[in-house]
Amino acid sequence: MTYTLKEMMALAAARQIRNQDIVFCGTGISMVAAMAAKHIHAPDATIFFETGAIDSCLKDLPLAVSDPRVMHRASMFCSLADSFGFMQNRKTGQNIVGIVGAAQIDPYGNLNSTSIGDYHAPTARFPGSGGACDVACFVNNNIVFMKLEKRKFVPTLSYRTSPGWLDGYDSRKKAGLPGSGPSMVITDMGILGFDRVTRRMKLDYLYEGITADAVQERISFDIDLSSARPFKPPTPEELNVLRETIDPEKLILN
Amino acid sequence: MTYTLKEMMALAAARQIRNQDIVFCGTGISMVAAMAAKHIHAPDATIFFETGAIDSCLKDLPLAVSDPRVMHRASMFCSLADSFGFMQNRKTGQNIVGIVGAAQIDPYGNLNSTSIGDYHAPTARFPGSGGACDVACFVNNNIVFMKLEKRKFVPTLSYRTSPGWLDGYDSRKKAGLPGSGPSMVITDMGILGFDRVTRRMKLDYLYEGITADAVQERISFDIDLSSARPFKPPTPEELNVLRETIDPEKLILN
Amino acid sequence: MHHASNHKITSIEQAVSKYVSNGAHLSIGGFTINRNPMAAVHEIIRQGIRNLHVYAHSNGQGLDQLIGAGCVSRLEIAYSGNGRFAPTCLCFKRAVLERTIQVEDYTNFQMALRFLAGAMGVPFLPTYSSLGTDIVEKWGFPDQIRLDEPKLASKKLVVMDNPFSRDHETEKLVLVPAIHPDVTIIHAQKADATGCTRIEGLSFADIDQAKAARHVIVTCDHLVSENELRKDSGANHLPAFCVDAVVHIPHGAYPTACFNEYDYDAVFLEQYQQAAGNDDTLDPFFQTYIHSPADHAEFVAMAAQNRLESIRANPVTGYADRMKRGA
Amino acid sequence: MHHASNHKITSIEQAVSKYVSNGAHLSIGGFTINRNPMAAVHEIIRQGIRNLHVYAHSNGQGLDQLIGAGCVSRLEIAYSGNGRFAPTCLCFKRAVLERTIQVEDYTNFQMALRFLAGAMGVPFLPTYSSLGTDIVEKWGFPDQIRLDEPKLASKKLVVMDNPFSRDHETEKLVLVPAIHPDVTIIHAQKADATGCTRIEGLSFADIDQAKAARHVIVTCDHLVSENELRKDSGANHLPAFCVDAVVHIPHGAYPTACFNEYDYDAVFLEQYQQAAGNDDTLDPFFQTYIHSPADHAEFVAMAAQNRLESIRANPVTGYADRMKRGA
């Protein structure tokens, strides 16, 4: 059964979600992942939006975290301040899985979604943090979604919008951040992880038919490729859920 | 028409409430005063409870600020934190009239509602601040309700629960408190005010048939009696509202 | 929708015995004579739990009974009156004067902020309240207690200069520390089997008390379907993931009020006041009303006698607007 | 009940001209493609207001149009995307790259806390968010702007040590300063003549934005009686005393969504994206849709064409669940 790399990315993220997780969803592919997880293997996972919709029963794919579709049969509504409070609170925050994207990532999983070049005279401008920095500060299991491209995987960020493992080792803890750095980076070619000690990016999984060298070619800094292993391709059941149930209009998986 | 001093106290407070005021109500006689004001001359005044009932339409006299009667046709419900936020917020706080009681008051209108004697081994214990200290810190027009008794009007407090004018002059402003000290003390014999400069207590009004000396006899420190003037006794209409509409069961005005 | 979460439904015996141990740090919901989790309070008394550290704003009836039964050794509190029924709660007053409990005084806003800080996951929140007062100057707990008990805040409060002030004259602020109770118990009108909870009428500080706690017990007058609560998401107050135990107890707040369900029982609250003044009258009162009844339903029937109909809430006003409350 | 407060009802022309002057500090409600006060945004553009200082979390469509029309000179913001319609809002991006606006970046939580601090009347609130990032390190506004403009916070933020820490290793916190907009404009489903306001569905940060502001304009789809709102006090969000002006504008959030009323108009939002990329296309777009129509109703009729029925909310789901959104 053929599939697109976008479908593979969505399913790779979906598979990380366990039945008792609270999933912080951003716009786009992370919503597809969370919806897929609930339909496939984690029916009790709680979908949680920074806009304040808690435990939404998504019937139609939202096109933004403020889309009225996120309000569908939620267990409750809260304010922006309250929803981030659930993340900063250690009792609830430790059970939250964050899924975020960015324009750039560095070897320690720090993210830039603000600008490139001089902050006061940038050559490129992105939307800014939104809730991404907040979730990256607070939660214990943050998953990053990025397409592998040399201009996205860079040794140094112009602007560090969201904290990853900062400068590696225990620098994140020393900075006083309550949650953990990113657990993985899900790309369109494989899944990157972080060394347990140095916290530097490394290659963990390769999608079907992708080589480790092909991954390294799309990253502007050297990563450890030695522990790469194959990642299970999508099952027909998984693909069917994505295509028939979650995004039949191909709004995201286009 | 005869009347009790409790009725006079309630009406003295009611007359201070203007049509655009937001009235912070405690338990007991301050609720009677606020309800009377709305029925007599300030129909648009907003009755506001620290428990979070905003703009209640009181139909039956509540026996506590958490009495479900305070929820009757309120314009909204909010949390404790939100309700005190309305007071601390300068936009709304400056329009709030507080009405509070206490066990003891000193010459500068500071209040004790906590304990007498050593704080760690007290000889008398009262309920504590509740919201009284908060309202005394935040609002611009705080009215104190006290029965005149020597043991209640004392030169020095064992415990300063709620700030009045602190040590007089500009000491309150220097302490960093946002609102103003108490505007008056409504007693069962007359109304006490505070000197504009020294902020020391003085006698402003005497109820019908009460002498200035009789007031001074019930206060354990000397106050200026020289500007005392007579206070208008209750009108039959005012008394009728109190007795027939507000507290027909004599739950408070007993 | 959840599929396998009905395990949160339990009995009040089990919920209390699992989450409220000797020495636990406890907060209860409600305010003076309204929506106190009375069935849970009675169960704590019945189980003879001791040395509780209680965090209270104006929790009223439930708190005073816990103190009267000897369950409490330390208390952080803003207000211990109970409306017209007690200018100062009697058991609280006796315990302070007899020095059988240790007390630290805050204001209602400060306690609300402390629960909010706990809910938000920050160590403190700032306020202007209590500047210039003995709330700032006089601390209730000896330093040794703070040192020995890591769950307590390391300081009662901290006064700081406003770092955003533009003036030479600094503005001061009072930072009040977060509270993280081991367990918060609230009573709500409605909850479902997953723990999703709806409070009708005022919620007081219940929501932040629950979010701040390590564990949460919800007792409810009505156990309803998930489906029913999800029909009006905006009316709900706590999501399932904040709640550990759900106990269905009709009249669970009696003798305090529960909006839309029942009013306070002024007669029984007055009977409590008559008994609370000394142990000679209070012990038999607790024996009769707490230790003897087989369950909360039997207590309610015994305590309310023929008044249950008269305290039933009028569905229009939410309370018993024809209830006689005078002498 | 209020007797003489109907004077808050006004027209959008009058409300904007009274409360939104050149150089005003403004915040608008809503979030990306939902419940932006679009009728008010269009009126601000029509009146040619300039040099606005805007406080935004993720305000999306309304904010980008204000920037595109040249109304904004300074911006404090967390996010300028617009869901699937714009990964980065086009007018915002152009204005930053062409340096026609000055920007200071925060996070969504920080902006929410800053409005909450304003609502609560404190100068700051603490958070752990943004430690170790350039949100802390890189400040957008030159110091001179802060000196010249007393309405601005004196610092972007302050990092402090946790005064309640027991450890030698101090915990750090970021204190973010309160916001007090001159005016906040929100759109709600329902309001009454006194200003009491009900939002259905998510309220985002609207309530704190309103409480923090010196003046508040509420536009509403339905102007209802005081009596109707008081039947369900728990469903209301702002009391009368927080609101200065009430404007009845059906479809006042169009082309953004309004829960229970209408969905976003995906087609028109896409048309805006096609126009927003440069002034040659945007100017005529604004001419056609903002300057030419006699009022908001005429704009809606022109913009939505035959789609008004298809974006009407299904009363069961609150949105147009049969609306075609794909290509």
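In order of appearance the chains are A, B, C and D, and numbering begins at 1 in each one.
We adopt the following convention: contacts are C-beta pairs under 8 Å (C-beta built on N, C-alpha and C of every residue); 3 or more make two chains touch, one makes a residue touch a chain.
What you see is a predicted model, and the numbers here were worked out from it, not measured in a lab.
Set against one another, B-D and B-C show the most C-beta pairs in contact at B-C.
Subunit C and subunit D have Cα centroids lying 37 Å from one another. The distance from the centre of subunit B to the centre of subunit D, each centre being the mean of the chain's C-alpha atoms, comes to 40 Å. As a whole-number value, the distance joining the C-alpha centres of subunit A and subunit B reads 56 Å.
Averaged C-alpha coordinates put the centre of subunit B at 27 Å from the centre of subunit C. Shared interface positions of subunit D, i.e. residues touching 2 or more other chains, are given as 121-122, 127-128, 171, 173, 201, 234. For subunit A, the set of residues touching two or more other chains reads 53, 71, 77, 81, 87-88, 138, 178.
Chain contacts in this assembly follow no simple pattern; the graph is neither a line, a ring, a star nor complete.
Here the touching chains pair up as A-C, A-D, B-C, B-D, C-D. Per the touch definition, subunit D reaches subunit C in the complex via residues 121-128, 150, 153-155, 158, 160, 162-166, 171, 173, 175, 177-178, 200-201, 234-235.
Across the interface of their complex, subunit C is touched by residues 22, 43-44, 46, 53-55, 57, 71, 73-77, 81, 85-93, 95, 138, 178 of subunit A. Subunit C meets subunit B in the complex at residues 30-35, 57-58, 60, 77-85, 87-89, 92-93, 96-97, 99, 105-113, 115-116, 127-135, 137-138, 140, 169-173, 201-205, 207-208, 257, 259, 263-264, 266, 313, 317-319, 321, 324-326.
Chain contact summary for the complex, subunit B toward subunit C: residues 27-28, 50-53, 59-60, 62-72, 77, 79-81, 84, 87-88, 110, 114-115, 119-134, 137-138, 159-163, 166, 171-172, 174-178, 249-252. Against subunit A, in their complex, subunit C makes its touches with residues 1-5, 118-122, 194, 196, 211-214, 226, 229-231, 233-234, 236-242.
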